[in-house]
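Below you'll find the structure I mean.
Chain nomenclature is as follows: A, B and C, assigned in order of appearance, with residue numbering initiated at 1 for each chain independently.
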Amino acid sequence: MAYSRSDAPDSGTIVPGGPVPPGSERRSRLLEPLRQEGAKGVMVAVVSTAVFFGLIGWLVLRSPNWPEVKQLFFNGQEFRDTFPSIAQKFLRNIQYFMIGEVFILAYALFLAVLRSLPGSVFFPLRLLSIMYTDLFRGIPTILVIYLLAFGVPSLDIPGAPTSPTFWAIVGLVLSYSAYVSEVYRAGIESVHPSQIAAARALGLSRWQSLRFVVIPQAVRRVAPPLLNDFVALQKDTALVAFVVVVPEAFKMAQIHQNADFNFTPLLAAALLFLLITVPLTRVVDWMIARERARRQGGGVV
Amino acid sequence: MSADGRALRIEDVHKSFGKLEVLRGIDLSVAEHEVICLIGASGSGKSTMLRCIDLLEPVDAGRIVVHGEDITARGVDVNRIRRRIGIVFQAFNLFPHMTVMRNITLGPTEALRMPKSEAEARATELLERFGLLDKKDDYPDRLSGGQQQRVAIVRALAMQPDIMLLDEVTSALDPELVAEVLNVIRELASGGMTMVIATHEMGFARDIAKRVCFLDAGIILEQGPPEQIFTEPQEDRTRRFLQSIIDAGRM
Amino acid sequence: MMRRVLIGVAAFGLLLAACAEENPVIAPTGTGTPPATAADCAAGVTTYVNPDTLTVGTDNPAFPPYFAGGETKENPDWEFNDPNTGKGFEAAVAYEVAARMGFTSDQVDWVVAPFNQTYKPGPKHYDFAIEQISYTEKRAQAVDFSESYYDVNQALVAVKGTPITKTSGIADLKDYTLAAQIGTTNYDFIANTIQPSEEPGVYNSTADAVAAINAGQVDGLVVDLPTALFLADPFVQEVKKGVVVGQFANLSGEHFGITFEKSNPLVGCVNLALQEMKADGTLESITQVWLSEKTNVGEVPVLS
């Protein structure tokens, strides 16, 4: 039975279990009920939103220490004074997560492939990969960063970089690769064995099957969780603040915070992170919704 | 071509999955250009047998000889053997992230090291021959089941195999799509391709097969020319199987 | 589109609420005639954290020369030095201020007050904090400052024999890698006065800064002169083969102040005490003892 807009009942009820119009999964679950209910629904939504958030705002303002908190956390002057320098340092965070992500994607894939090598001759490699992931998923990322950034330079290895920033990023890469390799592994294992059979049946070697058939499909499947990890990485570039000498956004915010005895710079830094992570999270949501729609609606067999 | 003219020889092959013995001593000889149809109930071992021939499953005992070469011997280059034998599965198994053209040229370019232009030329020829040329840049999910299965056959043919194995290739298709696939197979047969075909389509088997083998409980219970098997089966179980097919209205 | 409208409404509601109130002006409370002495003043204060006790906060570890006397068994939590010994510049100042306000040394209690906790909102767990906090106008919005108890000169610490030790002056320092500790005006000094070509580094703690210069990652540290005296002390050598290259003239009037929770009436009493100490020379002699005589570095040239 065809579903069209004119059929939508005015009272705004959605028939449960009824046919789902194609592509509607793409529409926001948040707003769909509003669309159904029409103008009245919109009014109700606006009023209830204003009331709800207004109530929260009022409760916050009524709290006894609000003036002091406002002065120390939401200080407009301090924000204006410190935002430019923090924003400028944020470019470093962007640098760190761009560079880091490239290495993480490559290194994690390497770990995942290592883990999937079959046969007893490759057992040591599989074991190594498992031990690696256990180690770096088990130690808090900040610890890894500290240990590397302070420990390696003091070993005085000739030829090795001594910059704490370098080792901090290495720490991020090592840590995140452990998680991302598990994501890849899930993707690889989700590729149906019949695909591998088809590839091998053509006479492709195990490695060729992996390279042309399995990995491309695996990566496409786990693109949303990979992107999620990328968003997490963007935030965790702030962790390097603990060890680096040259400030990035979080450290710069701390510098201002300690210099001015004011916490507003931290909010400024938080805002900068949100400016990057929120759009990316929406992209991930959109990708997942598109994938769901395609799987449910597409294909003809 | 081997000296005794046998393209494929299966000698007393056994295969178990855990405790379950699926192939309990298969013996079969296939001559060059011969078309063999395997019939039998589900679970009789038809799929397993085909997968063993293509070395997708290791055999537990016995041997398989292709053009005089024992392919089940130790140290055999499995990939090389698989390039000479084409197999098409019930579930098509096309690579969903590649276009039809790429699906077909992947094997030749990577496994046979054929230059891309040559591989694409051959692929174009095959697609044209089987009426699929206009689909060459489409992704598999845009094709009907029948079209996908025909592409799967073309993909196997692109490797220029000596032997083609077809495992119930029409069983997953809607009835109106079956005919187009059967026509492709007919054409291959008339072109002289050596084939072993597992199928439920009895009418088709009767038309196309030089010899029909009835598999039952892991062995080839009876084999012979189609007229013999279908009209005067020797074994009781063969008769019962054929009767059940007739009752189901499939013959 | 609709979603944006709703988000806008929500955000607007919050923003309206947040911006609605200006910074309230805290009206001073008058109490008639001002008290004559620090002791009288202190006696009139009723808001001590612990009754009959002066609770003083400082950071842990308690570095020399601000504190001395070493670690003690009675108060093992204090690292480097135990403020309770009364030894060291800031300990001496604190006990003298306490005495002027009528507290015996037994009535003085020391608590750990990490630097970045001295300005967080809410009630403090000490009556005042003394830990090398420089006065700035912005900082005074968050806490109350006493008068100066020390005018700070900044100084440069480096490793003996390295090129920076031969520097000719501030202009020359541009080309070196410099660092300071977070939360200090030292960072601002580097950034604004020296203006090096390479971005200055910042460390979270003195220990990290020292580790960095020992590892050769930075050429020089800018610290307060007393801290420099400690780091480069030939008998301590926190910085291996450390030397104080020079000090910078105090052109900005930078000074240390004791900090209090905002509107703490004790500020006035402490100021009275400090004024007394300055008037009769006590503060001067404390400074002499702990920041000149008891250091092993000797004269420090002025860089300009």
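One rule holds in what follows: a contact is a pair of C-beta atoms (placed from the backbone, for glycine too) under 8 Å apart; a residue touches a chain by one contact, two chains touch by 3 or more.
It should be emphasised that the depicted structure is a prediction, and the values quoted were computed from it without experimental measurement.
Chain centres defined as mean CA positions place A nearest to the mean of all protein CA atoms. Between the chains A-C lie more C-beta contact pairs than between any other two chains.
One finds 47 Å separating the Cα centroids of subunit A and subunit B. Per-chain CA centroids place subunit A at a distance of 40 Å from subunit C.
Rounded to a whole number, the gap between the C-alpha centres of subunit B and subunit C is 85 angstrom.
In subunit A, there is no position where the chain touches two or more neighbouring chains simultaneously. Against subunit B, the residues of subunit A that register as touching in their complex are 194-195, 197-205, 208, 212-213, 216-217, 220, 298-301.
Across the complex, subunit C is touched by residues 28, 30-31, 34, 42, 45-46, 49-50, 53-54, 56-58, 60-61, 65-76, 78, 150, 153-154, 162-164, 242, 245-247, 251, 254-255, 257-263 of subunit A. Across the interface of their complex, subunit A is touched by residues 54, 56, 79-84, 86-87, 89, 91, 93-97, 106-107, 110-112, 141-145, 148, 155-156, 159 of subunit B. Listing the residues of subunit C that touch subunit A in their complex gives 2-3, 5-6, 9-10, 13-14, 16-21, 23-24, 115-116, 118-122, 136, 138-139, 141-143, 179, 182-185, 187-188, 199, 201-204, 211-212, 215-218, 262.
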